[in-house]
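Everything on this sheet refers to the single structure shown next.
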(Lines give C-alpha, C1' and ligand atoms only; values in the text may rest on other atoms or scores of the structure.)
Protein backbone atom coordinates (compact mmCIF):
# COMPACT_ATOMS: atom_id res chain seq x y z
CA UNK A 1 0.00 0.00 0.00
CA UNK A 2 1.41 3.38 -1.01
CA UNK A 3 0.57 5.32 2.13
CA UNK A 4 2.13 8.52 1.00
CA UNK A 5 0.12 8.59 -2.20
CA UNK A 6 -3.11 7.77 -0.37
CA UNK A 7 -2.51 10.55 2.12
CA UNK A 8 -2.03 13.04 -0.70
CA UNK A 9 -5.22 11.96 -2.39
CA UNK A 10 -7.16 12.21 0.84
CA UNK A 11 -5.80 15.69 1.50
CA UNK A 12 -6.82 16.73 -2.00
CA UNK A 13 -10.35 15.33 -1.64
CA UNK A 14 -10.97 16.83 1.79
CA UNK A 15 -9.61 20.18 0.64
CA UNK A 16 -11.74 20.27 -2.50
CA UNK A 17 -14.88 19.07 -0.72
CA UNK A 18 -14.82 22.09 1.57
CA UNK A 19 -17.84 20.77 3.47
CA UNK A 20 -17.48 17.72 5.70
CA UNK A 21 -17.13 14.60 3.56
CA UNK A 22 -17.95 11.09 4.76
CA UNK A 23 -15.08 8.69 5.35
CA UNK A 24 -17.09 6.05 3.49
CA UNK A 25 -17.16 8.21 0.35
CA UNK A 26 -13.44 8.80 0.41
CA UNK A 27 -12.89 5.07 0.90
CA UNK A 28 -15.19 4.26 -2.01
CA UNK A 29 -13.53 6.80 -4.31
CA UNK A 30 -10.05 5.48 -3.47
CA UNK A 31 -11.17 1.84 -3.42
CA UNK A 32 -9.74 1.13 0.04
CA UNK A 33 -11.16 0.14 3.43
CA UNK A 34 -12.56 2.87 5.70
CA UNK A 35 -10.03 1.89 8.35
CA UNK A 36 -7.25 2.70 5.90
CA UNK A 37 -8.73 6.16 5.33
CA UNK A 38 -8.99 6.74 9.09
CA UNK A 39 -5.41 5.64 9.56
CA UNK A 40 -4.26 8.03 6.83
CA UNK A 41 -6.22 10.88 8.38
CA UNK A 42 -4.42 10.32 11.66
CA UNK A 43 -1.08 10.34 9.88
CA UNK A 44 -1.96 13.57 8.06
CA UNK A 45 -3.02 15.20 11.33
CA UNK A 46 0.25 14.19 12.97
CA UNK A 47 2.22 15.55 10.07
CA UNK A 48 0.31 18.85 10.17
CA UNK A 49 1.00 19.08 13.87
CA UNK A 50 4.71 18.29 13.51
CA UNK A 51 5.07 20.75 10.63
CA UNK A 52 3.25 23.48 12.59
CA UNK A 53 0.80 23.67 9.74
CA UNK A 54 -2.08 26.13 10.20
CA UNK A 55 -4.47 23.40 9.04
CA UNK A 56 -6.16 20.50 10.75
CA UNK A 57 -8.50 17.75 9.68
CA UNK A 58 -11.42 17.54 12.11
CA UNK A 59 -13.57 14.45 12.48
CA UNK A 60 -17.28 15.23 12.64
CA UNK A 61 -19.14 12.01 13.30
CA UNK A 62 -18.26 9.89 10.29
CA UNK A 63 -17.11 12.75 8.14
CA UNK A 64 -13.94 14.78 7.96
CA UNK A 65 -13.35 18.44 7.19
CA UNK A 66 -10.30 20.60 6.68
CA UNK A 67 -10.13 23.80 8.69
CA UNK A 68 -7.71 26.32 10.13
CA UNK A 69 -6.53 26.31 13.74
CA UNK A 70 -8.29 28.76 16.09
CA UNK A 71 -5.11 30.78 16.71
CA UNK A 72 -5.25 32.00 13.10
CA UNK A 73 -8.76 33.39 13.58
CA UNK A 74 -7.71 37.00 14.09
CA UNK A 75 -5.36 37.30 11.15
CA UNK A 76 -7.85 35.59 8.81
CA UNK A 77 -10.64 37.85 9.97
CA UNK A 78 -8.61 40.96 9.33
CA UNK A 79 -7.47 39.81 5.88
CA UNK A 80 -11.00 38.86 4.83
CA UNK A 81 -12.32 42.03 6.43
CA UNK A 82 -14.76 40.07 8.50
CA UNK A 83 -16.14 41.54 11.64
CA UNK A 84 -15.92 39.41 14.72
CA UNK A 85 -19.26 37.67 14.81
CA UNK A 86 -21.28 38.29 17.92
CA UNK A 87 -20.89 35.33 20.22
CA UNK A 88 -23.90 33.13 20.78
CA UNK A 89 -26.36 34.64 23.24
CA UNK A 90 -27.20 33.03 26.54
CA UNK A 91 -30.63 32.15 25.15
CA UNK A 92 -29.15 30.59 22.01
CA UNK A 93 -26.72 28.54 24.11
CA UNK A 94 -29.56 27.29 26.31
CA UNK A 95 -31.59 26.20 23.31
CA UNK A 96 -28.52 24.56 21.74
CA UNK A 97 -27.71 22.75 24.98
CA UNK A 98 -31.27 21.47 25.34
CA UNK A 99 -31.26 20.18 21.78
CA UNK A 100 -27.72 18.78 21.94
CA UNK A 101 -28.34 16.71 25.05
CA UNK A 102 -31.83 15.48 24.16
CA UNK A 103 -31.90 15.23 20.38
CA UNK A 104 -33.97 14.72 18.40
CA UNK A 105 -36.39 17.09 20.12
CA UNK A 106 -39.31 19.26 19.16
CA UNK A 107 -39.58 22.98 19.64
CA UNK A 108 -42.21 22.49 22.31
CA UNK A 109 -39.85 20.31 24.33
CA UNK A 110 -37.26 23.09 24.31
CA UNK A 111 -39.91 25.61 25.29
CA UNK A 112 -41.03 23.43 28.16
CA UNK A 113 -37.51 23.25 29.54
CA UNK A 114 -36.86 26.98 29.20
CA UNK A 115 -40.36 28.18 30.03
CA UNK A 116 -40.36 30.69 27.17
CA UNK A 117 -41.11 30.84 23.46
CA UNK A 118 -38.07 29.72 21.44
CA UNK A 119 -39.27 29.88 17.84
CA UNK A 120 -37.11 32.79 16.71
CA UNK A 121 -34.00 31.41 18.39
CA UNK A 122 -34.55 28.03 16.76
CA UNK A 123 -35.01 29.72 13.41
CA UNK A 124 -31.74 31.60 13.78
CA UNK A 125 -29.84 28.50 14.90
CA UNK A 126 -31.12 26.70 11.79
CA UNK A 127 -29.93 29.64 9.67
CA UNK A 128 -26.51 29.53 11.32
CA UNK A 129 -26.38 25.83 10.44
CA UNK A 130 -25.92 24.76 14.07
CA UNK A 131 -29.14 22.74 14.14
CA UNK A 132 -31.27 21.16 11.42
CA UNK A 133 -34.55 19.37 10.95
CA UNK A 134 -34.42 15.68 11.83
CA UNK A 135 -37.69 14.55 10.30
CA UNK A 136 -40.91 14.39 12.28
CA UNK A 137 -41.69 12.64 15.52
CA UNK A 138 -44.32 9.95 15.27
CA UNK A 139 -46.61 11.48 17.89
CA UNK A 140 -49.90 13.35 17.42
CA UNK A 141 -49.43 16.40 15.25
CA UNK A 142 -46.19 14.95 13.81
CA UNK A 143 -44.05 17.83 15.05
CA UNK A 144 -40.70 18.59 13.42
CA UNK A 145 -37.76 17.35 15.46
CA UNK A 146 -34.40 19.11 15.53
CA UNK A 147 -30.86 17.86 15.95
CA UNK A 148 -27.40 19.37 15.95
CA UNK A 149 -25.25 19.46 12.80
CA UNK A 150 -21.57 18.83 11.97
CA UNK A 151 -21.12 22.61 12.09
CA UNK A 152 -22.24 22.43 15.72
CA UNK A 153 -19.60 19.80 16.45
CA UNK A 154 -16.91 21.80 14.71
CA UNK A 155 -17.90 25.05 16.42
CA UNK A 156 -17.54 23.46 19.85
CA UNK A 157 -14.42 21.46 19.10
CA UNK A 158 -16.21 18.10 19.35
CA UNK A 159 -15.76 15.21 16.99
CA UNK A 160 -18.97 13.46 18.05
CA UNK A 161 -21.88 13.92 20.43
CA UNK A 162 -20.31 11.44 22.84
CA UNK A 163 -17.76 14.13 23.58
CA UNK A 164 -20.37 16.51 24.98
CA UNK A 165 -19.39 17.49 28.53
CA UNK A 166 -21.07 15.30 31.14
CA UNK A 167 -24.06 16.94 32.78
CA UNK A 168 -24.47 17.05 36.54
CA UNK A 169 -26.69 14.16 37.62
CA UNK A 170 -30.20 15.10 38.52
CA UNK A 171 -29.99 15.53 42.27
CA UNK A 172 -31.45 12.63 44.20
CA UNK A 173 -34.21 13.49 46.61
CA UNK A 174 -32.15 13.90 49.75
CA UNK A 175 -28.65 12.53 49.33
CA UNK A 176 -26.99 15.04 47.10
CA UNK A 177 -28.97 17.96 48.37
CA UNK A 178 -26.24 19.92 50.09
CA UNK A 179 -23.69 19.29 47.39
CA UNK A 180 -26.03 20.18 44.60
CA UNK A 181 -27.03 23.42 46.25
CA UNK A 182 -23.41 24.42 46.70
CA UNK A 183 -22.81 23.83 43.03
CA UNK A 184 -25.84 25.85 42.17
CA UNK A 185 -24.76 28.69 44.41
CA UNK A 186 -21.47 28.90 42.55
CA UNK A 187 -23.41 29.01 39.42
CA UNK A 188 -25.82 31.66 40.63
CA UNK A 189 -23.15 33.91 41.99
CA UNK A 190 -21.72 34.53 38.55
CA UNK B 1 11.43 38.57 10.44
CA UNK B 2 9.83 35.30 11.45
CA UNK B 3 9.44 33.81 8.00
CA UNK B 4 7.99 30.57 9.16
CA UNK B 5 5.23 32.26 11.12
CA UNK B 6 4.41 34.58 8.23
CA UNK B 7 4.18 31.63 5.85
CA UNK B 8 1.73 29.86 8.16
CA UNK B 9 -0.44 32.94 8.43
CA UNK B 10 -0.47 33.40 4.67
CA UNK B 11 -1.40 29.75 4.15
CA UNK B 12 -4.25 30.15 6.61
CA UNK B 13 -5.54 33.31 4.96
CA UNK B 14 -5.35 31.97 1.42
CA UNK B 15 -7.04 28.74 2.46
CA UNK B 16 -9.89 30.51 4.25
CA UNK B 17 -10.40 33.00 1.40
CA UNK B 18 -11.25 30.19 -1.02
CA UNK B 19 -11.47 32.65 -3.91
CA UNK B 20 -8.36 34.51 -5.14
CA UNK B 21 -7.29 37.13 -2.59
CA UNK B 22 -5.20 40.23 -3.37
CA UNK B 23 -1.60 40.25 -2.21
CA UNK B 24 -2.18 43.79 -0.96
CA UNK B 25 -4.91 42.67 1.41
CA UNK B 26 -2.71 39.95 2.85
CA UNK B 27 0.15 42.40 3.27
CA UNK B 28 -2.11 44.85 5.05
CA UNK B 29 -3.51 42.25 7.41
CA UNK B 30 -0.04 41.04 8.34
CA UNK B 31 1.41 44.54 8.39
CA UNK B 32 4.29 43.70 6.02
CA UNK B 33 5.38 44.81 2.54
CA UNK B 34 3.77 43.17 -0.48
CA UNK B 35 7.20 41.97 -1.57
CA UNK B 36 7.49 40.06 1.67
CA UNK B 37 4.17 38.36 0.98
CA UNK B 38 5.32 37.46 -2.54
CA UNK B 39 8.54 36.06 -1.20
CA UNK B 40 6.65 33.95 1.34
CA UNK B 41 4.31 32.66 -1.34
CA UNK B 42 7.30 31.47 -3.36
CA UNK B 43 8.73 29.73 -0.32
CA UNK B 44 5.39 28.04 0.36
CA UNK B 45 5.17 26.86 -3.24
CA UNK B 46 8.67 25.40 -3.08
CA UNK B 47 7.87 23.63 0.14
CA UNK B 48 4.65 22.19 -1.30
CA UNK B 49 6.62 20.97 -4.30
CA UNK B 50 9.37 19.41 -2.18
CA UNK B 51 6.83 17.76 0.11
CA UNK B 52 4.86 16.39 -2.85
CA UNK B 53 1.85 18.20 -1.39
CA UNK B 54 -1.33 17.99 -3.48
CA UNK B 55 -1.78 21.75 -3.05
CA UNK B 56 -0.40 24.73 -4.89
CA UNK B 57 -0.72 28.50 -4.65
CA UNK B 58 -1.68 29.98 -8.01
CA UNK B 59 -1.02 33.63 -8.83
CA UNK B 60 -3.73 35.39 -10.83
CA UNK B 61 -2.79 39.00 -11.56
CA UNK B 62 -2.20 40.45 -8.14
CA UNK B 63 -4.16 37.82 -6.30
CA UNK B 64 -3.35 34.36 -5.04
CA UNK B 65 -5.51 31.24 -4.65
CA UNK B 66 -4.94 27.86 -3.11
CA UNK B 67 -5.93 24.89 -5.21
CA UNK B 68 -5.20 21.24 -5.82
CA UNK B 69 -2.85 19.99 -8.53
CA UNK B 70 -4.60 18.94 -11.76
CA UNK B 71 -3.54 15.29 -11.40
CA UNK B 72 -5.91 14.95 -8.42
CA UNK B 73 -8.91 16.06 -10.48
CA UNK B 74 -10.23 12.59 -11.18
CA UNK B 75 -10.11 11.24 -7.66
CA UNK B 76 -11.70 14.44 -6.32
CA UNK B 77 -14.48 14.28 -8.88
CA UNK B 78 -15.28 10.68 -8.14
CA UNK B 79 -15.43 11.35 -4.38
CA UNK B 80 -17.64 14.42 -4.74
CA UNK B 81 -19.98 12.86 -7.25
CA UNK B 82 -20.77 10.08 -4.78
CA UNK B 83 -22.76 12.70 -2.90
CA UNK B 84 -25.46 12.34 -5.47
CA UNK B 85 -26.41 9.01 -3.99
CA UNK B 86 -27.54 10.52 -0.69
CA UNK B 87 -31.30 10.05 -0.44
CA UNK B 88 -33.50 13.10 0.07
CA UNK B 89 -34.21 14.02 3.68
CA UNK B 90 -37.73 14.04 5.07
CA UNK B 91 -37.66 17.85 5.01
CA UNK B 92 -36.52 17.89 1.36
CA UNK B 93 -39.27 15.42 0.43
CA UNK B 94 -41.89 17.60 2.11
CA UNK B 95 -40.74 20.70 0.25
CA UNK B 96 -40.62 18.77 -3.01
CA UNK B 97 -44.11 17.35 -2.49
CA UNK B 98 -45.51 20.77 -1.58
CA UNK B 99 -44.08 22.21 -4.79
CA UNK B 100 -45.14 19.24 -6.92
CA UNK B 101 -48.78 19.41 -5.88
CA UNK B 102 -49.12 23.20 -5.98
CA UNK B 103 -46.78 24.36 -8.73
CA UNK B 104 -45.88 26.98 -9.65
CA UNK B 105 -45.38 28.17 -6.07
CA UNK B 106 -43.17 30.64 -4.25
CA UNK B 107 -40.79 29.90 -1.45
CA UNK B 108 -43.02 31.76 0.98
CA UNK B 109 -45.95 29.49 0.11
CA UNK B 110 -43.86 26.44 0.96
CA UNK B 111 -42.72 28.07 4.18
CA UNK B 112 -46.28 28.93 5.12
CA UNK B 113 -47.32 25.33 4.67
CA UNK B 114 -44.43 23.91 6.66
CA UNK B 115 -44.09 26.71 9.19
CA UNK B 116 -40.28 26.78 8.93
CA UNK B 117 -37.59 28.39 6.77
CA UNK B 118 -37.02 26.36 3.61
CA UNK B 119 -34.54 28.46 1.64
CA UNK B 120 -31.55 26.13 1.89
CA UNK B 121 -33.66 23.08 1.06
CA UNK B 122 -35.06 24.80 -2.03
CA UNK B 123 -31.55 25.78 -3.10
CA UNK B 124 -30.35 22.20 -2.81
CA UNK B 125 -33.36 20.85 -4.72
CA UNK B 126 -32.57 23.28 -7.54
CA UNK B 127 -28.94 22.08 -7.52
CA UNK B 128 -30.07 18.47 -7.69
CA UNK B 129 -32.14 19.38 -10.73
CA UNK B 130 -35.44 18.30 -9.13
CA UNK B 131 -37.03 21.76 -9.25
CA UNK B 132 -36.37 24.89 -11.27
CA UNK B 133 -37.40 28.50 -11.40
CA UNK B 134 -40.61 29.11 -13.31
CA UNK B 135 -40.38 32.87 -13.74
CA UNK B 136 -41.79 35.38 -11.33
CA UNK B 137 -45.34 35.66 -10.09
CA UNK B 138 -47.17 38.84 -10.99
CA UNK B 139 -47.93 39.80 -7.40
CA UNK B 140 -46.32 42.44 -5.18
CA UNK B 141 -42.61 41.78 -4.74
CA UNK B 142 -42.60 39.64 -7.90
CA UNK B 143 -41.42 36.53 -6.06
CA UNK B 144 -39.73 33.67 -7.90
CA UNK B 145 -42.01 30.70 -8.55
CA UNK B 146 -40.76 27.13 -8.62
CA UNK B 147 -41.87 24.04 -10.51
CA UNK B 148 -40.70 20.47 -10.82
CA UNK B 149 -38.48 19.26 -13.66
CA UNK B 150 -38.31 16.20 -15.93
CA UNK B 151 -35.61 14.86 -13.58
CA UNK B 152 -38.22 14.98 -10.83
CA UNK B 153 -40.62 12.91 -12.92
CA UNK B 154 -37.90 10.39 -13.68
CA UNK B 155 -36.85 10.10 -10.03
CA UNK B 156 -40.38 9.24 -8.96
CA UNK B 157 -41.23 7.01 -11.91
CA UNK B 158 -43.85 9.36 -13.35
CA UNK B 159 -44.38 10.14 -17.00
CA UNK B 160 -46.33 13.33 -16.30
CA UNK B 161 -47.60 15.41 -13.40
CA UNK B 162 -51.08 13.97 -13.92
CA UNK B 163 -49.73 10.71 -12.57
CA UNK B 164 -49.02 12.18 -9.15
CA UNK B 165 -50.81 10.04 -6.55
CA UNK B 166 -54.25 11.50 -5.83
CA UNK B 167 -54.95 13.06 -2.48
CA UNK B 168 -57.43 11.01 -0.43
CA UNK B 169 -60.86 12.56 0.06
CA UNK B 170 -61.03 12.22 3.81
CA UNK B 171 -58.33 13.67 6.00
CA UNK B 172 -55.67 11.24 7.18
CA UNK B 173 -56.46 11.67 10.85
CA UNK B 174 -59.97 10.31 10.61
CA UNK B 175 -58.79 7.29 8.75
CA UNK B 176 -56.21 6.62 11.43
CA UNK B 177 -58.92 6.84 14.05
CA UNK B 178 -61.14 4.29 12.38
CA UNK B 179 -58.21 1.90 12.20
CA UNK B 180 -57.51 2.48 15.85
CA UNK B 181 -61.08 1.58 16.78
CA UNK B 182 -60.91 -1.62 14.81
CA UNK B 183 -57.80 -2.52 16.75
CA UNK B 184 -59.62 -1.90 19.97
CA UNK B 185 -62.48 -4.16 18.99
CA UNK B 186 -60.00 -6.96 18.44
CA UNK B 187 -58.81 -6.46 21.93
CA UNK B 188 -62.27 -6.80 23.40
CA UNK B 189 -62.99 -9.90 21.46
CA UNK B 190 -60.09 -11.75 23.00
CA UNK C 1 -38.62 47.44 21.85
CA UNK C 2 -35.52 48.39 23.84
CA UNK C 3 -37.38 48.08 27.09
CA UNK C 4 -38.59 44.65 26.14
CA UNK C 5 -35.12 43.41 25.32
CA UNK C 6 -33.92 44.84 28.63
CA UNK C 7 -36.25 42.53 30.53
CA UNK C 8 -35.33 39.61 28.35
CA UNK C 9 -31.63 40.32 28.73
CA UNK C 10 -31.83 40.26 32.50
CA UNK C 11 -33.76 37.02 32.82
CA UNK C 12 -34.23 34.28 30.26
CA UNK C 13 -37.78 33.74 31.43
CA UNK C 14 -39.91 33.11 34.50
CA UNK C 15 -37.93 30.00 35.48
CA UNK C 16 -34.75 32.03 35.36
CA UNK C 17 -36.31 34.72 37.53
CA UNK C 18 -37.46 32.13 40.08
CA UNK C 19 -34.00 30.54 40.22
CA UNK C 20 -32.59 33.99 40.81
CA UNK C 21 -35.08 34.70 43.62
CA UNK C 22 -34.45 31.32 45.22
CA UNK C 23 -30.72 31.96 45.38
CA UNK C 24 -31.07 35.61 46.39
CA UNK C 25 -33.46 34.90 49.25
CA UNK C 26 -31.83 31.62 50.20
CA UNK C 27 -34.97 29.61 49.66
CA UNK C 28 -34.70 25.82 49.56
CA UNK C 29 -35.25 24.65 46.02
CA UNK C 30 -36.31 21.20 47.30
CA UNK C 31 -38.83 22.62 49.73
CA UNK C 32 -39.99 25.86 48.21
CA UNK C 33 -41.90 28.19 50.48
CA UNK C 34 -44.51 29.17 47.93
CA UNK C 35 -45.81 32.17 49.89
CA UNK C 36 -42.51 33.96 50.11
CA UNK C 37 -41.56 32.97 46.55
CA UNK C 38 -44.85 34.37 45.27
CA UNK C 39 -44.27 37.60 47.18
CA UNK C 40 -40.75 38.04 45.78
CA UNK C 41 -41.93 37.14 42.30
CA UNK C 42 -44.78 39.66 42.31
CA UNK C 43 -42.47 42.32 43.74
CA UNK C 44 -40.10 41.80 40.82
CA UNK C 45 -42.85 42.04 38.26
CA UNK C 46 -44.37 45.09 39.90
CA UNK C 47 -41.04 46.87 39.92
CA UNK C 48 -40.73 46.21 36.20
CA UNK C 49 -44.15 47.66 35.66
CA UNK C 50 -43.19 50.75 37.66
CA UNK C 51 -40.20 51.14 35.37
CA UNK C 52 -42.57 50.85 32.42
CA UNK C 53 -40.91 47.66 31.24
CA UNK C 54 -42.99 45.36 29.17
CA UNK C 55 -43.68 42.16 31.08
CA UNK C 56 -44.12 39.31 28.65
CA UNK C 57 -47.05 36.96 29.01
CA UNK C 58 -44.82 34.08 30.13
CA UNK C 59 -44.01 35.93 33.35
CA UNK C 60 -47.70 36.60 34.02
CA UNK C 61 -48.56 32.98 33.30
CA UNK C 62 -46.05 31.86 35.91
CA UNK C 63 -47.44 34.38 38.38
CA UNK C 64 -50.90 32.88 38.02
CA UNK C 65 -49.42 29.40 38.40
CA UNK C 66 -47.75 30.39 41.67
CA UNK C 67 -50.98 31.96 42.89
CA UNK C 68 -52.78 28.73 42.07
CA UNK C 69 -50.25 26.60 43.96
CA UNK C 70 -50.64 28.88 46.96
CA UNK C 71 -54.43 28.72 46.77
CA UNK C 72 -54.38 24.95 46.73
CA UNK C 73 -52.11 24.96 49.78
CA UNK C 74 -54.70 26.96 51.67
CA UNK C 75 -57.53 24.57 50.91
CA UNK C 76 -58.14 21.90 53.49
CA UNK C 77 -57.54 18.28 52.44
CA UNK C 78 -55.52 19.25 49.36
CA UNK C 79 -52.05 18.47 50.72
CA UNK C 80 -51.43 15.85 48.07
CA UNK C 81 -52.32 18.07 45.15
CA UNK C 82 -50.35 20.93 46.60
CA UNK C 83 -47.31 18.70 47.04
CA UNK C 84 -47.59 17.52 43.46
CA UNK C 85 -47.83 21.04 42.06
CA UNK C 86 -44.85 22.08 44.11
CA UNK C 87 -42.81 19.09 43.01
CA UNK C 88 -43.66 19.77 39.38
CA UNK C 89 -42.27 23.25 39.78
CA UNK C 90 -39.17 22.00 41.58
CA UNK C 91 -38.57 19.44 38.84
CA UNK C 92 -38.88 22.08 36.16
CA UNK C 93 -36.53 24.41 38.01
CA UNK C 94 -33.91 21.70 38.44
CA UNK C 95 -34.17 20.75 34.80
CA UNK C 96 -33.78 24.36 33.77
CA UNK C 97 -30.82 24.92 36.07
CA UNK C 98 -29.13 21.91 34.49
CA UNK C 99 -29.89 23.42 31.10
CA UNK C 100 -28.30 26.70 32.19
CA UNK C 101 -25.25 24.89 33.42
CA UNK C 102 -24.94 22.94 30.17
CA UNK C 103 -25.30 26.18 28.21
CA UNK C 104 -22.51 27.76 30.23
CA UNK C 105 -20.21 24.78 29.67
CA UNK C 106 -20.99 24.75 25.96
CA UNK C 107 -20.39 28.49 25.75
CA UNK C 108 -16.90 28.05 27.15
CA UNK C 109 -16.14 25.51 24.43
CA UNK C 110 -17.28 27.74 21.57
CA UNK C 111 -14.53 28.24 19.00
CA UNK C 112 -16.85 28.60 16.03
CA UNK C 113 -15.81 32.15 15.29
CA UNK C 114 -12.09 31.36 15.19
CA UNK C 115 -12.17 28.31 12.95
CA UNK C 116 -12.35 28.80 9.23
CA UNK C 117 -13.28 26.38 6.50
CA UNK C 118 -13.49 26.91 2.79
CA UNK C 119 -16.31 26.39 0.35
CA UNK C 120 -16.27 23.48 -2.07
CA UNK C 121 -13.81 23.83 -4.93
CA UNK C 122 -15.45 24.93 -8.17
CA UNK C 123 -14.93 21.55 -9.75
CA UNK C 124 -17.40 20.60 -12.42
CA UNK C 125 -19.37 17.73 -11.00
CA UNK C 126 -22.86 16.72 -11.90
CA UNK C 127 -25.06 17.21 -8.83
CA UNK C 128 -28.17 15.83 -10.56
CA UNK C 129 -30.23 13.56 -8.35
CA UNK C 130 -29.92 9.96 -9.46
CA UNK C 131 -31.94 7.90 -6.99
CA UNK C 132 -35.49 6.80 -7.68
CA UNK C 133 -38.41 6.48 -5.28
CA UNK C 134 -42.00 5.31 -5.50
CA UNK C 135 -44.34 8.25 -6.11
CA UNK C 136 -46.32 7.36 -3.00
CA UNK C 137 -43.62 8.87 -0.76
CA UNK C 138 -44.59 12.24 -2.21
CA UNK C 139 -48.14 11.88 -0.98
CA UNK C 140 -46.98 10.89 2.49
CA UNK C 141 -44.57 13.81 2.56
CA UNK C 142 -47.30 16.19 1.44
CA UNK C 143 -49.65 15.15 4.20
CA UNK C 144 -46.84 15.52 6.75
CA UNK C 145 -46.01 18.96 5.39
CA UNK C 146 -49.63 20.08 5.48
CA UNK C 147 -50.17 18.73 8.98
CA UNK C 148 -49.02 22.01 10.43
CA UNK C 149 -50.91 24.26 8.10
CA UNK C 150 -54.09 22.23 8.36
CA UNK C 151 -54.07 22.55 12.11
CA UNK C 152 -54.25 26.31 11.83
CA UNK C 153 -57.75 25.95 10.44
CA UNK C 154 -60.50 25.89 13.04
CA UNK C 155 -61.25 22.31 14.09
CA UNK C 156 -64.39 20.78 12.70
CA UNK C 157 -67.41 20.04 14.85
CA UNK C 158 -66.80 16.30 14.67
CA UNK C 159 -63.53 16.77 16.52
CA UNK C 160 -65.48 17.91 19.55
CA UNK C 161 -68.12 15.16 19.39
CA UNK C 162 -66.18 12.62 21.44
CA UNK C 163 -65.50 15.25 24.08
CA UNK C 164 -69.13 16.27 24.45
CA UNK C 165 -70.91 12.97 23.85
CA UNK C 166 -69.03 10.35 25.77
CA UNK C 167 -70.01 6.90 24.56
CA UNK C 168 -72.37 5.37 27.10
CA UNK C 169 -71.54 1.72 27.73
CA UNK C 170 -74.63 -0.26 28.63
CA UNK C 171 -74.61 -2.74 31.51
CA UNK C 172 -76.12 -5.33 29.21
CA UNK C 173 -73.18 -5.08 26.84
CA UNK C 174 -70.83 -5.64 29.73
CA UNK C 175 -72.80 -8.65 30.98
CA UNK C 176 -72.28 -10.28 27.61
CA UNK C 177 -68.66 -9.30 27.52
CA UNK C 178 -68.02 -10.75 31.00
CA UNK C 179 -69.81 -13.99 30.16
CA UNK C 180 -67.91 -14.30 26.89
CA UNK C 181 -64.62 -13.94 28.71
CA UNK C 182 -65.65 -16.55 31.28
CA UNK C 183 -66.78 -18.99 28.66
CA UNK C 184 -63.26 -18.99 27.27
CA UNK C 185 -61.23 -19.02 30.47
CA UNK C 186 -63.56 -20.34 33.17
CA UNK C 187 -62.08 -17.97 35.71
CA UNK C 188 -60.61 -14.58 35.38
CA UNK C 189 -59.01 -11.96 37.54
CA UNK C 190 -61.35 -9.19 38.49
CA UNK C 191 -58.90 -6.46 37.65
CA UNK C 192 -58.44 -7.88 34.16
CA UNK C 193 -62.12 -7.27 33.52
CA UNK C 194 -61.70 -3.72 34.71
CA UNK C 195 -58.56 -3.17 32.71
CA UNK C 196 -60.43 -4.05 29.52
CA UNK C 197 -62.14 -0.67 29.79
CA UNK C 198 -60.64 2.48 28.41
CA UNK C 199 -62.88 4.93 30.25
CA UNK C 200 -64.68 5.45 33.48
CA UNK C 201 -68.18 4.67 32.22
CA UNK C 202 -66.93 1.29 31.01
CA UNK C 203 -65.53 0.45 34.45
CA UNK C 204 -68.79 1.41 36.12
CA UNK C 205 -70.81 -0.63 33.65
CA UNK C 206 -68.52 -3.63 34.30
CA UNK C 207 -69.00 -3.26 38.04
CA UNK C 208 -72.79 -3.11 37.68
CA UNK C 209 -72.73 -6.07 35.32
CA UNK C 210 -70.80 -8.12 37.89
CA UNK C 211 -73.29 -7.25 40.65
CA UNK C 212 -76.14 -8.19 38.35
CA UNK C 213 -74.55 -11.53 37.46
CA UNK C 214 -73.80 -12.39 41.08
CA UNK C 215 -77.33 -11.51 42.14
CA UNK C 216 -78.70 -13.87 39.53
CA UNK C 217 -76.26 -16.57 40.70
CA UNK C 218 -74.48 -16.88 37.35
CA UNK C 219 -71.10 -16.05 38.77
CA UNK C 220 -69.45 -15.93 42.14
CA UNK C 221 -66.60 -14.10 43.68
CA UNK C 222 -63.99 -16.47 45.11
CA UNK C 223 -63.33 -14.63 48.39
CA UNK C 224 -60.00 -12.84 48.50
CA UNK C 225 -58.57 -14.38 45.34
CA UNK C 226 -60.39 -11.85 43.27
CA UNK C 227 -61.45 -14.46 40.75
CA UNK C 228 -64.68 -15.15 39.04
CA UNK C 229 -66.14 -18.58 38.71
CA UNK C 230 -68.68 -19.30 36.08
CA UNK C 231 -71.74 -20.93 37.54
CA UNK C 232 -71.86 -23.03 34.42
CA UNK C 233 -68.76 -24.88 35.67
CA UNK C 234 -70.87 -26.59 38.31
CA UNK C 235 -69.38 -24.96 41.34
CA UNK C 236 -70.93 -23.68 44.55
CA UNK C 237 -73.01 -20.69 43.56
CA UNK C 238 -71.83 -18.76 46.59
CA UNK C 239 -68.73 -19.75 48.43
CA UNK C 240 -68.72 -19.10 52.11
CA UNK C 241 -66.42 -16.28 53.05
CA UNK C 242 -63.81 -17.11 55.65
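A few comments on the model shown:
Order as written gives the chain letters A, B and C; numbering starts at 1 within each chain.
Following the convention adopted for this analysis, a contact is a pair of C-beta atoms (placed from the backbone, for glycine too) under 8 Å apart; a residue touches a chain by one contact, two chains touch by 3 or more.
Since the model is a prediction, treat every value here as computed from it, not as a measurement.
Put simply, the chain farthest from subunit B by mean CA position is C. Ranked by number of C-beta pairs in contact, the top chain pair is A-C.
Centrality by Cα centroid goes to chain A. Taking each chain's centre as the average of its CA atoms, subunit A and subunit B sit 19 Å apart. One simple way to say how far apart two chains are is to compare their mean CA positions; for subunit B and subunit C this gives 40 Å.
Separating the CA-averaged centres of subunit A and subunit C is a span of 32 Å. Shared interface positions of subunit A, i.e. residues touching 2 or more other chains, are given as 15-18, 66, 68-69, 72, 76, 136.
For subunit C, residues touching at least two other chains, in rising order: 116-121, 123, 144.
Only residues 8, 12-16, 19-20, 23, 29-30, 56, 58, 62, 92, 94-107, 109-121, 123, 144, 147, 151 of subunit C touch subunit A when the two sit together in their complex. Put simply, subunit C touches subunit B in their complex at residues 116-121, 123-139, 141-146, 148-150, 158, 177, 181, 184, 196, 198.
Contacts from subunit A toward subunit C in the complex involve residues 15-19, 65-74, 76, 84-85, 87-88, 90-91, 93-94, 96-98, 100-101, 112-117, 136, 141-142, 151, 154-158, 165, 167-168, 170-171, 173, 177, 181, 184-185, 187-189. Listing the residues of subunit B that touch subunit A in their complex gives 4, 8-9, 11-13, 15-18, 21, 25-26, 28-30, 52-55, 66, 68-69, 72, 75-76, 78-80, 82-83, 89-91, 115-117.
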